[in-house]
Each structure stands twice: as C-alpha cells, then as structure tokens.
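Just below sit the structures, each encoded as structure tokens.
There are two complexes below, and they share chain A, which is joined by chain B in the first and by chain C in the second.
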Partner chain A sequence: MNTLIAVASTVKAPSVEWNTLIPYFVLAGGAIVTLFASLIAGRTAQRGLVPLLAVATLIASGVFFAIGLHDLDANVLSGALRVDDLARVFSLLFIASALVSIVLAWRSPTLQDFGRGEFYSLLITVVLGMALLASAQNLVTVFLALELFSIPLYVLCAADLRREGSLESGIKYLIIGSLGSATLLYGLALTYGATGSTDFAAINVALSSAKIGDDALLLVGVALTFVGLAFKASIAPFHQWTPDVYEGAPTPVTAFMAVATKAATFALILRYTGQAILPIVDHWQPVLAALAVVTIVVGNLGAMGQKSLKRLLGYSGVAQAGYLLVGVVVSSALGARATVFYMLVYLFMNVAPFAVITARERAGAGEGFDGLRGLGREAPALAWSMTISMIALSGLPITAGFIGKLFLIEAAVDGDYAWLAVVIVLGSAMSLVYYLRVVAAMWMGADATASSVASGDAVLAGASPEADSSKHPELVAIAVLAAAGSVVFGVWPGPLLDLARDAAISFLQLVA
Partner chain B sequence: MVLQGILFFIAAAGAIGGAVAVVLLRNPFFSVLALVCHLFALAVLFLLLYAQFIAAAQLIVYAGAVMVLYVFVVSYVGGADEPIDEGGGAPRALAPIFAGALLVVLALALAGSALTLLDTNGAKLPDNGNAYGTPEQIGELLLTKYLLPFEVASFLLTVAAVCAVVLARRRRGLEELTDDSPLLGEGLGKR
Partner chain C sequence: MNWGLTILLLVPIVGALIAALMPLRQIGGVAAIMTLIQVGFLIPIVLDFKIGTELTGFVDELWLPELGVHYSLGIDGLNLFMICLVVLAWSIATFAASRHEFAQPRMFYAMLALAEVGTLGAFMAQDLILFVLFFDLLLVPFYFLIGMWGKDTELGNSRRATATFMIYTLVGSLLMLVCAVALGVLSSTQNGTPLTFEFADLAANQVGNSTQNWLFVGFMLALLIKMPIPPLHGWMPITYKATPLPVLIVLSAVVAKLGAFGFLRIVMPLMPHAVDSFQPLLLLLAVIAIIYGSVMAFSQDDTRLVVGYSSIAQIGFVLLGIFVIDAKGAEGAILQMINHGIVVIALFLIIAFLGERAGSEKLSEMGGLAKNAPIFATLFLIVALATLAMPGSMNFVGETYILFGAFQTKFVWGVVASIGVVLAAVYMLRMFQRSMHNRGSAGDEATNSRSRELDSGELGLLVPAVLVILALAIYPQYVVERVEPNAAQTVKSVTQPAQPVALDTDGGVER
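Entry: the complex of A and B
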C-alpha cells in the first residue's frame, strides 16, 4: 500500500488573476449581500434597499465587464475561464436582461410570497452562472456553470407560489432541464473518454492530430452534447417545454429566460463549436443545418395558432433560435458576428412584449389576445412599443431585427449555405402571420373596449385608460426605451456591430 | 488476476441486476433497496479500476447519504402501499422505443472503444510514477487546475440550499398579503 501513498512533492498553487475576476466576485458577493439584506424587516428595506442592492450589484459588475472590453484576452485560473470579448459582451447582455427583469418584477405581487431578497439573489446567481458559462474553457466548468444558472431558474419559474400554473412550470422545467443536463453530461463524459482531456484547447489538438474524427465514441459524445444544449436553447425537436414553461412562469422571469438563457447557451455553442470541435466541422455542420431548418419551421408553425401571448412568444423564441443557429452552422467569423449581433438586438426586441404582458396582467386583463384589445386607445405608448417590437421580430426593414437577419443571411451565403438563407427568409415571411395578428389585436379590436370604457365597466376592472399608463410608469419607460433601441440600432447598427465583431474575433483567433 | 475476474463478474451482475430490479419491482421501497445494490456493485467496479476515491465517494454519497434520504422519503409518504401508477398512454408506449434507441447509440459508442480493451488485463496497479486517479492526485487537482469548478460547486450547493428553503417555506401555508403587498394587488384576485 505504501506505493499508493504518493506524496506530491511540491504542489504549486494556481495564480489567481484577481483583476479579471472582479466582475464575477461582485456578482457572487452581491447575491449573498442581497440575500442577507432581505432579512431586514420593514417596507423601506424590502421595497427600496433590496432591489437597490440587486441593481447596484448588476450595474457594478456590468461596469467592470465594460471596462475590461478590448483588454488583452486572459486565460484565468489555470485555463478554467477565458475572459475575452465574447464572454464580456454576453455577460453585459445577461446583466441588461436581469435589470429588465428586476424592473418588471419591482412591484409585482409575486415577490412577497417568494421573498424579495431570495428572488433578486437567485436572479443574480443565475447571471453569475451564465457569465461563467460564457467564459468557460473546459468541460467541468461548463457543466457546473450550466447547473449554477439552471437550478435557481427552475425555482424562479415556480416563484408565483399562489398560482398552480407557475408551480407546474417549475416542475416541468426542472424535469426537462435535468434530462437535458444529464444528456449533456453523458456527452461531455464520452467526449472526455474519446479525447482524453476536458480542456477545449486540448480537445481541439487531440481532434486535429490524432485522426479520431470517425471514432464512434467521440461522435456519440458530441451528438449527446448537442442534444443537451438543444434542450437548453429550445432548439426543435427538443423545444416542447418552451411554450408551457414560458406561459406558467412569472412574466418577469419569462422575460429574462427568453433572452438570457438562449444567449448563454448560444455563447457556449459558439465556443464549443469554434474552439473545441472545429476540426470535425464536416461531421456536425450538416446536422446543425438540419436542426436549424426544423427549428425555424416548427417554431413558426407552432406560433400561428396560439391564443396566449406568452406561448406565442415561446414559439417565436424557438423560431429565433433557429435563425441564430444558422450563424453557428457556417462556423466562420462572419457567422459568429451575425449570431452575437442578432442576440444583442434580440434583447431590445423582446423587452416591450413582456412589459406589455406585465402591464395587462396587473390590469387584470390576462395575457391572452383578448387582453390586448383596445390597448392602442388605452395606452398608446405601450401599444406603439409593442408594434415596433413585433415588426422588428418579424424582420421588416428599418428595425434592428432586419439588420440582424441581413447579417445572418450574409453569413449563410458566404459560408456556402445559401439555401439556409432562403429558409430564414421564408421563416420570416411565415412569422408575419402571427406577429401582425398581435398588432391587429391591439389597434383594431378597440370597439368593444371603447363602449365598456364609456359605461364604466373598465374602471371597475382596474383598466381605465388614465390609470393604465400612470400606474406603472416603469413598464412604459422600459418598453419605450427598448422599442427605441430596436429602431435606433436598425438605422445605425454600428456600435452593436463593432461589439459583435470584437466578440467574434476574440475567440476565433484562438484557432485561426 | 483470477480473483479480480471473479469479482468483476459478480459486481457486473450485481450492477445490471440491481438496475433492472429498480425498474421492474412494483414496490418503491424494494426499488430503492435494489438501487442500493446497484450502487454498491458500481463502487466495487470502481475499486477494480483502482479508483479508490470514486469508490469511496460512491459508497458514502450515493449508497450512504442519498439512499438513506430516498428510504426516508418512501417510508414517509407511504410509497409501499401505492404501487406505481400505470397509464400515460402514447408517451408511455413511446418511452421504450426511445430508451432502446439510446441503448443502441450508446452500445455503438462503447463497441468502438471498450471492445478493443477486451484482451487487456484492466487497469494497472498505480505506482509513484503513475498515480492517476489516486485520492492525492484528485485532491491536488481540485486545488490547482480545477480550483474554479471546485469553488463554483460550493457556491452551487449554497444556492441550491437557498432554493430548497424558499420552496419549503410554503408548507406553512401562504400568509395573507400584508402591508408589503403590492400597490397593484387588484390584479392578483383575478388570477
């Protein structure tokens, strides 16, 4: 047995790059501080201090990420993380998305049962997990970061403790999400078995040198990894949970999930395909292309018959995941840039619909199409933002959505996948059907409501026109801001495009 | 070597038998016991591969802690009286097909790698130069190369505990909305 007790002679402690890690520490510390601050009783602390701490944490972390932009890329902590522009841009996106969610949740009745501190703290933890995932450089970090953002998200989906739908959504997401995680873990384990390493860079080296590209173990591992990621990114045919969970979860959480979860998974997919398994690109490219087509078709068809706005946005999110996947399929700098850019503008396009849903839910009108009737007359600011967002989501010109799709199409054509570009265009045409239906419901269904306003019914229902926009100025403000963003960046996409280009170059130059 | 071979086949039979029994037994309590058998057999297999740390962790964490929890839950909610519900319809009929497909895929993957090792004698006894997978090496890796995942794991456990407490709190029942209740409480009653 003595031979077993091999004493490690000199263990060298890893160097810790504190400067680069500051934004992550801010998030981790902020989550804990927010949690403890919520123990202070009293209305001021609960409604003022706790949200303020959460917002301050997110903004501070965001500032540190932003300061770091264009810094030298750093491999941190023995190569567990790589904090480059891709990681920073995506982290800023997660933070912005969480801030939107906090604004939507700020005066929500949900939070009191669940606990304000717990809600904000878990939300910050989710952001931390996503930020870690976007910079992960080895399979172990990938899995832990994925779980770090998934587990609090399962619970956040069930945050509306008084509503059965929310609890059901939490359970459903937990079961499907765990299945996805397990599949992913299986894939990662087989990949490790085939290549002998968990580091992205070492996997790349093993794949390009050792001619194991046709190894069944490796291919099954990569395939299972993609299946696991497809569950998280709601890529068809692994998307079935999306509409159900979106519908059941509290709206602020859905708003966050719709953008941030997708962005986090796509950040990982970009890194994994661009850094780790690039040498066997011929094997996965056709598979991902097929998945993209299926996802675009299924998402757009599914969205058409929906009665609930949240389900519609769920299916629309599936279709958008298909568009985003096109940028990954071509596996070029152009493709990565297009995916990152589309993800950035997706944030702007998605905020207004969820702000409107939140406003209608608070007015007691529900989140179905019926709740939208007459919105154009009652709250023109909300209705206009919603209209612009719908037009942007469908990809019509002078909106950011149009520019985003244009870059995706450019990348597809450049990467010899011109037929995928055709699918994007056809998908966008299909999507007009349901996006315009939403617009029509807002502006054309005013008759019934107009008469009820006159008779005073709507005042009883808490949906009088005056009260509607003055009661939640924060919702109107954020919807208008986001809609303005989707127009401004549609006319002048320069700044976002630069960010996206830097992000794409920062991780692709590794392999070039 | 002969002893190793015998032990391997006993453990392998135990692992497969235990796993099959978990699925086939009607009584949840016996299913849990079968799972304990399965996990114990897996620990023996790990030991045969000279992965002492994983074998010990398997016994302590799974066969020990997790299974005790399962036994408690099953006896607490009286699972023994209620056999697992049949029904389910189409998904239930499809499930074996998907499980079979996954089995085929995994078998393909393993056939490519594991079968080539059939003629070899399994893991070699580690010596000082070849200390792969010893507890010392794992400990060292956790504090050097895998320092970040190690710390993230601890944070993850903290967060999971917070999540569990938040959800368990509603067992006491939901209180009436108080002063802290929303300004817009009227929306709530309509849900």
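Entry: the complex of A and C
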C-alpha cells in the first residue's frame, strides 16, 4: 500500500491549462449538446434550434480562439499541445469553413434523412479534431487528432443517403483515408523508433545532435509520414480519390473539405517540417519540390477536361495544394507566411463556387457546366461572385489570389527555388483555361436557344430559375460576402498578412 | 499622401458605377459624359507639369511591407502624354460606344472602365510589381470585352478570338511576373539592400550582368507580344477582326503602347547591360516589323487589318527608336507612340463610318464614298497624311528623330528602316483611294446612295481627334520639350550605367 502511494506521488499528473483549452472544450461540449438537442422533434427545433446551437458553438469557440491571439504562453498539457497563433489562426479558418458549410446545408433537403443533429454534431467534431491537429506537438497527439477529424468526415461524405454517389464517395474516402492513416501511423512509428521520442522538439534535438540523419529507418519513417499526409492533402500522385469524393459527397461537405481538410493537413505539415524534421531539411526538400511540381501539373491538366464543376474544383484543389507546398519546400519564414496567407485567402476564393453549385443543384440544373448557362442573366449576383472567385483562384490582380501567388513566388525566389516560381506561374496560366471556361459558360455562348432549353429543363424539374436569387438569399449573401472578401483583401491585404506573419513567427521561434 | 493621381485612377470606375445606376438606355450616354470629368481632373495635372525629370504628383506608400511592394505613382516626361492619350482614347471610345446598343450595357461600360484603370495604372506605376499588377489586370476586362461583345468572323468566333488573345498575353504577362519578382529579390540579395520594387531603387541597385540577361528575355517576350512585334503578333489578326470597334480603338491606340513603354520605363533603366547585349536582336526585329507590317498592310482587303498591320510597322519604328540607344531616337520613339495613338483613334473611327456606309469593312466592297461627303473625305485625308508622316505633321517630327538617332548610331539599320517611310505612303494612300474614290463595286446608283456626309454625332467624334493631330502638327515643341529630359535620362542609364553592377550570384547559388 505504501509503495503504491509512493509510486502514485512520483507520477506527476499533467497540469491542465483550463483557460487556454476553453475553445476546445466549447467545441466538444457543443457537439454533444447539438446532438441531444436534435432529439427534440418538430420543425422549429430541427430547422431552428439545432443549427443555431451548432452556429453558436462554432462562434463561441471562435471568439475564444480570437481572444487568445498573441498569447505567448502556449504550451499546454505538458507540451502535448501548443496553442500558439498558428493553431489559433488555423482553428479560426476551420470554424469559418464549417460556418460556410452550415449555411450551405441549412435548407438542404438531403439532410432530412441523415438527421440534422448528427450532421452538425459530426461537423463540430471534425472541427475539434482539426483544431487539435493544428496545435499538436507530439506524434501521438497528431495521430489522435487526425483520426478524430477523419472518421466523422467519412460519415459526412455518405450523408446523402438516397444517392448512390454519396455512399460510394463515403466508402472510397474511408478506404483511401484509412490507407493514408495507416501509412502515416507506420511512418510515425518508424520515426519514433529512430529518434526515441514522440515529441517534435525532442525529435528535432535527436536529429541535430546524433548522426542519424542518414539512418534508413528514419528516412523511411519520414517518407511514409509524408505519403500519409499527401493522401490527406491530396498531393499528387496520392490525389486520385479527390475528384471522386468531391463529386459524390454532399456539396456542403465538399465545400468544407476543400478548404478545411487541406488547411488542417498543411498546418501539420508546416509544424512537422518546421519543428520536428528541420535538421534533415536537405533530405526532404528536393522530394517535396518534385511533389509540388507533379501536383501542380497533374491538378491543372486533370481539371481541364472536366464536365462536372465539383470534379473541376477537386482537380483545381489538387493544383492549389501544389502551390501551397511551394511555401513549405523553401522552408523559410517567408515560405511559412506565404503558405498561411494563401490558405486564408483560399477560404474566401472557395465559397462562391460551392454556393453556386448548391443553388444550381436545388434549381434542378445539376452541377455540370450546362447548369451554369445563362447564370449571368438569371442570377447576376451569384454569377459575379463566381466570376470573381474564378479570377482570384487563377491568381489575376486586384484579388487576394494574386497577392497570395505573389507571396509564394517571392518566397520561392528568395529560397533559391526560382524554377518553382516559374512552375507556379505556368500552372496559373494552365488553370486560366478551365477557370475561364466556367466564366464563359456563365456569361458567353448562352445564345437564346441554349438558355431557353436549359431553363426549360429546370422548369420541368420543378424549379424556376428566374427566382433563383430570391429563393436562396443565404447562398447569395455568403457568395457575395466571400467574393467581396477576395477583392477587398486583394487591395488591402494588411490584416491577413499580419495574421499570417504572427502565425508563422509563433511556431518558427521554437526553432530559430 | 498626394491624392491627385489616385483620384485620376479611380474616376473611370466611379463613372461606370454611376452609369450603372441609370436606366438601361441611358447607361452609354452617362458613361460617356463621365469620361469628360476625367479630362477635368487631367488638365490641372498637365498644366502643373514642370519640364525636367522630376516626378509630378508622386505618391509613395508602402503597400505590402512583407513583400516590399509600394503603391507608388508618378508622372514624368515618359508617361505624361501617354496618360493624356489614355484619357482621350477612352473618352472618344466611350462616346463612340454610346452610339450603339450593347447587350448587358452595365457590364460593358464597367469592363471598359476597368480596362482604363489598368492602363492608366500601368503607365503611372513607379513600382515594378504595381506595373505588373496593372498590366496583368488588363487581361480581365479584355477577356470579357472581346468574348462577350466581339463578333464572329471567318477567322473564328469571338470566343476563339478572346482565347487566342488571352493565351498570347497571358504567357507574356505571367512570365513578366516571375521576372519582376526575381529582379527585386535578386537585386536585394546581390546588393545586400532591403527588398523593394520601386523603379528608382532598382535602378540604383542593379543585378549582375548574367542575371540581367535572363530576366531581360522574360520582359522582352511579354512586351513584344503586347506591342505586337513579329513573330509574336499571332493574336493580332483574329483579335482585330473580332473586337468591337470602340474597344479596338483603346486596344490598338493605347494598350499596345504599353509594350513599348515597358522597354523605356523598366528594361532600359533596370537592365542596361542586357539592353546593350540584346541590341542587335531587337534592331533586327524592329526592322522586320517595319517591312513586314508595311507589306502586309498593303495587301489586306479588310480595313481593320490594314490599320492593324500598319500599326505593326509603326510600332516597329518605335522599337527602332528605343534600341538605337540614342537620346534623339528615344525621344522620337515617345513622340511616335503619341502620334500613332492619335491617328489610330481617328482611323478606327473612320473605319466604323466607312463600314456603316458600305455595309462592309472590306476595301473591295467600298469605293466612291467621297462622292457626297467632302468633309469626311477631307478629315480622312488629314488623318491619312498624318499617318504617312507628311512633313509638317508631328509624325514627321517623330520619324525624323528616330531615323536621325538611327543614322547617328546604327547607320545601316537607319537606311533599311527608311524604306518603311515610303511604304507607309503606299498603304495609306491605297486605303484612302480604294474606299473614298474608286468607283463603287455596286455601281454608280448604289454608290450615290451609300455616300453620305458625316452627321453631327460622327463629326463630334472625329473632329476632336483631327484637331489634336493638327494642334500637334502646329506646335510639336510643347510635347518635345517635355519629353526630352526623360528621354535623355533613360538613354543615359544605358550608355553610362549609374553604378558598378553587383557581383553575380545567379539565383541558384546562395543567399
């Protein structure tokens, strides 16, 4: 008995920094409350209370994250998590993305069968997992957080129970995602085996002090870790699932995945490369550079021939992951800032396309190019937002996309990777081909016959395209807001640049 | 902060927004009147201009501190008259457009205004990234203007035209973006100076010789495509045929000049060594452009292409003037940019009027149009004579300066280029005769009914342009003395580079 007490007193329970962890608790609690609230039957509860609770949870958590910005005392739970500005900025990004998804899903008929409470609750759980991932300091935390956000996402992809495509997408994502997770876990295990530690900081120390830089065990471990992450971030050649899953998943879920999943994975990649394996930068830098090139080329080529908008956005998302990777490759403060900034901007550029797709799907026009014909005349507000988003995604001026690309190019040139800058630019040139096709479909070539036929079909399908914008005020509002954001931050990017700088400094000071 | 130039830059957009609030039928008229407000903002700027190399209305604000990008605008002798040309061209083009109905007029005038903002911004920019930003911005409005309101021709439909235009300019623009970023970053790393993209700083801290050479190639391609200079002129025929005439006025008269302007503003001061090493190639291209453009202009049936190819020849002269690297040559190049801009405005107006009368823009279907239209014929003749650089016109002054510069430094090139002067007379007079005098293809009766004097609206468009041509012919000194100091300074930056250039660490070696 005495010995047991003695042992117990030597084991120090980790101190829990409750204040810093509030936003995480809010998310966890909100997910449960939302789930239980959905047990209340009735239209008001289902359509009013449940979404309201979900939104309130996300906003409350977001406020707590925002209050904590610039708080330098960041290590919590004995260093398992680090709630610094990088974690906070990315968490805000996940929350914003989830809010967009909720707006898109709010009046979606598909959620009826699946259950609203489950949908919102799972979405909040995903955000919690991502927020944990963005603050992880430890290989075990990394894997836990990664699974916490991946598994609910598999379910969400299959949320459209009546549509075969959605179930297929869920299964596909489950299998590929599990493969990615398994590869990652294997890689993490080997890294632990080689360095003897799961902490990022301890791995860093082990790598810089001992001569294990060329150790095969370690290199295989790091390589497998990257492969696992590449699956999650849809970096070529591990991207094949992306267009299928994007196409099959319900549009609100796709909208969320397109931004948040990518952001979560890149937050981890930034931390992992910037904190843990920085000492062996010479080993992984050329590999990542090659992956970036392949990703940019494959993504842009793949997007060119697509008929479905969601597939097109899937491939374009692959290409965008390639651009983001450039900021990681150069492994500098400038590169990290460029990546964070581009990720923030990416949120704004990605809303309008999915809002338009949702509106067209509800109008019965489908999510293909044909559904866009004549949109310029029928719903100018949506068409303008979409046009601005396409221009921003392709990186043309007075949009935030231009500043983002400029930042990445500058980081690449500054990091002696001028040729990667050229690849970014060539990729952008290629991307204009398909982004402008979308614009052309909305504004041009919609001669009288084509548009009347298209709208005729839609009327047959039980919708009147003329009333498009008045029927979905929330979709129009969010699309216009996001498009306005991409222009405003294209002219006045100061606030986002500051956020990106703080985020980058907050974790790079660990290694500097 | 000095707001003058910023306001000038934003007036077109404000005007388009005000016009967009009007009822559909009045949008064009209101948009046109709004362009006159710009003239009001421009006049004090021109009157305030002091002869010398100092920047007027200079604004310099740090815009993106992280990236070293400044919001920096200013007017000097290089761009003063280009900006006047922009305002004049857009005003006339908007008035010309308001005489026609365009589908979705709100968007049309908004895009036209956006194009003006891009052009003005590029001409006024004193920061390399800002220049590239405005230069690339032009892609957006012209994509819509050509794609949505262009017409289908035998060379392909309007979507094909806009795609061709986009692909050509895009490749150049984006290449220039990388080279611009590289120029700034390498200038700061090679010289150990803080990162900045301002022209003045980049000129003072130049990059090493071999770096200059590869950067030069990127800038050169982008600028030559915009001008356009053969063999990079592939977008010109289909674009010229498809583009609506009011848009073509600004595209040909002003936007194409950005290419030549870029050589004077960016390439010569920032990459003087490369200018020196690439001089023979550029001179060759200039002379090819002069001869090729003239010969092609002579053999075209479509009046738009006559003017299009003659523009290639004229812009060839400009390029020649720039790359003989002589103060007189550079001055002549700037004068010629102004001259050509104005005559092209007038020529495309004339083509519009001819087309409305003959029902076609082909020379073979015109003829005899002067019969009942003496005023039209007279105005056309004045424009034609100015285009072929009749002594007494400012075009004559410009070409003389260019050739003078050429004879001083590159005698043989000057002799070859002189042929172009003769050829210009041939193709311009051919166009004038075929359209105005030859017996009409449809017979006398038809010619009689087709030939019609200019109405007041048409006169109101064409007369201002002709008046400017005459005013410049009478008093070219006003322009010449304002252009001279900057032209001399730009050339001096090549002949006597400001500083010993930095050591070459060529991008891939080390920070």
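Assume the second predicted complex is superposed on the first by the 484 of 512 C-alpha atoms of A that agree within 3 Å, B and C clash if a C-alpha of one lies under 4 Å from a C-alpha of the other, contacts with A are read in each partner's own complex, and residues count from 1 in each chain.
Methods note: a contact is a pair of C-beta atoms (placed from the backbone, for glycine too) under 8 Å apart; a residue touches a chain by one contact, two chains touch by 3 or more.
Given the structure is predicted, the values throughout are model-derived calculations rather than measurements.
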**OP:** Could you tell me whether chain B and chain C fit or clash when both sit on chain A in the superposition?
**Re:** fit
**OP:** Determine, under the contact definition given at the top, whether A:Lys262 touches first (chain B), second (chain C), both, or neither.
**Re:** neither
**OP:** Applying the touch criterion given at the start, work out whether A:Lys232 contacts chain B, chain C, both or neither, answering first, second, both or neither.
**Re:** neither
**OP:** Considering only the touch criterion stated at the top, classify A:Leu35 as touching first (chain B), second (chain C), both, or neither.
**Re:** first
Subject >> Residue contacts with chain A in the superposition, chain B compared against chain C >> reply: B
Subject >> Partner chain in contact with A:Glu410 - chain B first, chain C second, else both or neither >> reply: second
Original post:
Can A:Arg88 be said to touch chain B (first), chain C (second), both, or neither?
Top reply: neither
Original post:
If you stack the two complexes on chain A, which partner ends up touching A:Gln112: first (chain B), second (chain C), both, or neither?
Top reply: first
Original post:
Which partner does A:Ile391 reach: the first (chain B), the second (chain C), both, or neither?
Top reply: second
Original post:
Of the two partner chains, chain B (first) and chain C (second), which one does A:Ala421 touch, if any: first, second, both, or neither?
Top reply: second
Original post:
Of the two partner chains, chain B (first) and chain C (second), which one does A:Leu122 touch, if any: first, second, both, or neither?
Top reply: first
Subject >> Least Cα gap, in Å, left between chain B and chain C after the two complexes are fitted on chain A >> reply: 30
Original post:
Of the residues on chain A, which ones does chain B touch that chain C also touches?
Top reply: none
Original post:
So in the complex, which bits of chain A are touching chain C?
Top reply: 334, 337, 376-377, 391, 396-398, 402-403, 406-407, 409-410, 413-414, 416, 418, 421-422, 425-426, 428-429, 432, 436, 439-440, 443-445, 493, 497, 501
Subject >> chain B to chain A touching residues, read off their complex >> reply: 52, 105-106, 108-113, 125-128, 131, 134, 136-137, 140, 143-149, 152-153, 155-156, 159-160, 162-163, 166-167, 169-170, 174-175, 177-188, 190-191
**OP:** Can you check the complex and tell me which residues of chain C touch chain A?
**Re:** 64-67, 69, 104, 107, 129, 133-134, 136-137, 139-140, 143-144, 147-148, 158-159, 166, 170-171, 174-175, 177-178, 181-182, 184-186, 189, 507-511
Subject >> Touch list for chain A against partner chain B, complex >> reply: 3-8, 11-14, 16, 28, 31, 35, 43, 46-47, 76-81, 107-109, 112-115, 118, 121-122, 125, 128, 132, 140-141, 144-145, 147-148, 151-152, 154-155, 158, 161-163, 190, 193-194, 215-217, 219-221, 223, 361-364, 366, 462, 471-472
